[in-house]
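Order of writing sets the chain letters: A, B and C. Residues in each chain are counted from 1.
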Amino acid sequence: MSKRQLCLALITVLALAAAPQAAAAQHKVKIGFLPGVVDPFYQVMQIGVEAAATDLGVEVVTQIPQTWGVEAQTPILDAMVARGDLDYIVTAPTDKDQMIGPLKAAVDAGIKVITVDTFLGDGDYVNGPVTFPISYIGSDNVEGGRISARGLAKAIDGKGIVYINSTNPNVSSVEGREQGFKEVMEKEFPDIKVLGPDYNLDDQNKATQQTAAVLEREPDLAGVFGTNVFSAQGAGTAVVNAGLGGHVQVVAYDATQLAIELMNNGVVSLVLAQKPFDMGYMAVQFAAADAAGVTSLPRRVETGFAIIDKDNVKDPAIARFIYQVPAK
Amino acid sequence: MTEPVLSIRKLTKRFGGLVAVDDVSWDVYPGEVVALLGDNGAGKSTLIKCVSGVYQPDEGEICFEGRLSHFARPMDARRQGIETIYQDLALANNLDVSANIFLGREAKKRYLAGLIRTLDEQMMLRESRAALESLAIQFPSLTQPIESLSGGQRQAVAIARAVYWDARLMIMDEPTNNLGVPEQHKVLELIRKLRDQGVPVILITHTLPDVFAVSDRLMVMRRGHKVTEKRTTETHTEELVQYMVGALDDTRVQ
Amino acid sequence: MARVEMKAVAEMAPAAQTLTPPKRFVLALSRSWAWAFLALMIVFFVVTVPIVSFGAVNFLTVRNSQNILVAITPILLLGLGQTFVIIAAGIDLSVGWVMSLASVLSALAIRAVFNAGLPLFPSVVVGFLAAVAGAGVVGFVNGVIIAKLKVPAFIVTLGSSFIVRGVALLMSENTTVIGLPPGIRAYGNDALVYFIRGEAGGLHFLAAPEVSGELLRRMDRILPYPVVLTAIIVAIAIFVLRKTQFGRHTYAIGGNVEAAIRTGIPVDRHIISLYILSSATAGIAGFLSTLRFTAGSAVIGDALLLSSIAAVIIGGVSLFGGAGSVMGTVIGALIIAVLTTGLVMLNVEAFWQFIVVGVVVIVAVLIDQSRDLIIGRATRGPPT
């Protein structure tokens, strides 16, 4: 967390401390939490949401779609609105355009909306096309791509050939990561040449095959950026099988436990962690602060990233960003 | 008089309110070709399906080779030696002649005390050739898939298969349907050969010339009843037509 | 069937005997075009890859060939059981998800028994059994519903694929099962033979030589274990389909199921066996991916169903049943894998691969149909 963000959080908590009487006089604030899909990232966010709810004495109702997409998310959202007892909805819209209508309907029904991880419109709730949500709290994929690029560039001493292996074309999250990654390499590291992306279509074996072919073509390959853990796992397997584990640096986006295990086994070398816990915690803080009458909440908060490698993974300050989901 | 191979006694088969076969008794003797005639819906198919085990009669009994028989399934009838050749011939068109003759009863070679069993293609080919030769059927190649054969050749394969597997009563449903004239002659020739080898044949047909060409006796059904049973030499086309359309009926006369 | 019958009557004489030389040529082409296409494609990449890289890179290297062989194993294993099922005029849409389920099951089993103190190799064997047994149960249920309750295979396997997917996600909790003994990596990635290029090199069997640095880069892994296991399974499948009664009955059911029933083939039991077989080979694919990536994944096979069916169709298996061969499917899978590797080495946009595979699939069906048109369905059947 940056200093600015710390200040924000502090302000929020102070505001809350001043407000309990007012809140208690009305009723207990009730928040609906609707993330994108069942996965470790959102599961960790849920833990953050629940922790904040306990700390701040608000109530949370969580519904998680089984698949990613507007078709899965909208009916759950409509059902949440129809309950009639929610004051806030904290959600990760599965489409920045298509979810505007359904979420506007929630606002029209008197529910305030905070978006986490993903945003509506262009994410600028002050001057952008969509202004009805209170705030966007998340980390920018483009920024994540930039940070991955800097991490990888550092690991390969700022020179050589790197390769992007990605899941699918035209998916905003991985597209942003590719974009940020390429941008930094172009501007800041002129001695690094970027290849790809190749798209593995969520098929790990294909990621391995593609990376193996690139290794054949470019024997001097210095690094690989896997735009998600899956891609990195597939790519890293090709690297290890070519006898180049540790020589070719592989970056994985998202610090799932799998990514950390892959790092410990030498399949990937760097892991980029987002901060889903912070996103969830902060979103609930914002809701509680808004309920207490705070009007100066920032409309956009970036929770930032952490880069995890073998050296810092034991450091508790870093290790807390690993997406730890307690076993059921 | 010799014992009948097949003896049907007072057989009745109903489907709901419809009496498809009504109190029919009929004998088939060794070495004869008998024709079963009748208009559509006369009950000939139902009667035959009772004999071949597809249907079970509601009343009456079937004796085959002197034994009272109950066929719960078509396979039961086949195991006793009653082979039925339907119009679609039950051939797998994608497989070759020899594979079809041995379909479902493939010959196998055993290795490692029967742990591994492979198809004995040579043996099946040899036996198929012998079976076809015994009926004087000639094929250029037995490894051709059935779909490259003519309709008559397919009939021949189906007949050869039945003979090879020791058919002791052959039931043939419209065997000359859809065949050109030369092919029809070949199939009728095969039926005569079967008779000469002592296999009785029940021939279900609409084609009266076929009846006169190969059958020794005939039976005509109408509306589930047996309306007449005659030696083929004792009747003629016009009379048969009158039986089939109901203008004549021996049961009524009695 | 009726249509075919009529045509044959019209022709009277066996069609194959009346073929003109051009038709003979088409027939020969239609039988071997997939081989020819694969060969042409390899020649194309052998020529173009060095050109694009200014002579620095060759396509036909030992390492590349092994990469391609490893890459086809999952597609091939999914396509193998599918080949049997489609020859018998069925279809199994659940194989991709069954592979995912098997990956999760084997990972959970390996982790459980290894943590309980079982040594590594027996743990891996338990994982194999868990994958095949779990997958086999799905195949058994599919088969029973298809054979006994007469529900179309398309619908049954579509439905079961959703169920299987749900179960796999539930069991894995976070879509991936981690915490497996790192040692299993060797079973999924090590090879029978290692070859180090150059003067210091030579062949090493079974165990990778202890080398590092530049030598490591020059070391090829020849015949990785997943490839060996898959090759054994392919050999068994070829044998079963061509040489045994089981194979013969599979063709018979696809050619004329009525005939199969009437000639006493136990059709229901056979169909159930086919779906068990299909699931089991998918299960082995899931097991191998768990070893390969040292983790169980509930989504590993999701993307593979269509590739595997494409391989089967390119290989000449008729979707109407009754025709096809295992070698055809091997060729089909090779075509897809060679394309992927080749296009990546040419640095061609990845989307071209889909376009090419799509075109090849359609061409495969067109060639199959034109053959039927020209020679009146006179040629299909098992290889003799």
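Definition applied: a contact is a pair of C-beta atoms (placed from the backbone, for glycine too) under 8 Å apart; a residue touches a chain by one contact, two chains touch by 3 or more.
All values reported here derive from a predicted model rather than from experimental measurement.
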{"item": "Chain contact topology (line, ring, star, complete or other)", "value": "line"}
{"item": "Distance-maximising chain from chain C - centres being C-alpha averages", "value": "B"}
{"item": "Central chain (distance from its CA mean to the mean of all protein CA atoms)", "value": "C"}
{"item": "Between chain C and chain A, distance of the C-alpha-averaged centres to the nearest whole Å", "value": "36"}
{"item": "Chain A and chain B: spacing of chain centres that average the CA atoms, whole Å", "value": "75"}
{"item": "Whole-Å gap between the CA centroids of chain B and chain C", "value": "44"}
{"item": "Touching residues on chain C, where the partner in the complex is chain A", "value": "49, 53, 57, 61, 63-64, 67-68, 70-71, 73-74, 166, 169, 173-176, 178-179, 182, 185, 189, 216-217, 219, 221, 224, 289, 292-295, 297, 299-300, 302-304, 307, 337, 340-342, 344-345, 347, 350-351"}
{"item": "Residue ranges of chain B touching chain C (in the complex, touch as defined)", "value": "74-75, 78, 86, 88-96, 99, 103-106, 108, 117-119, 140, 143-145, 147-151, 153-154, 178-180, 182-183"}
{"item": "Parts of chain C lying in touch with chain B, wherever the complex brings them together", "value": "1, 4-6, 8-9, 11-17, 243-245, 248-249, 251-252, 254-256, 258-260, 262-265, 322-323, 376-382, 384"}
{"item": "Sites on chain A touched by chain C in the complex", "value": "38-40, 43, 66, 169, 195, 197-199, 201-206, 208-210, 212-214, 216-217, 219, 230, 233-234, 237-238, 240-244, 256-258, 261-262, 265, 267, 325, 327-328"}
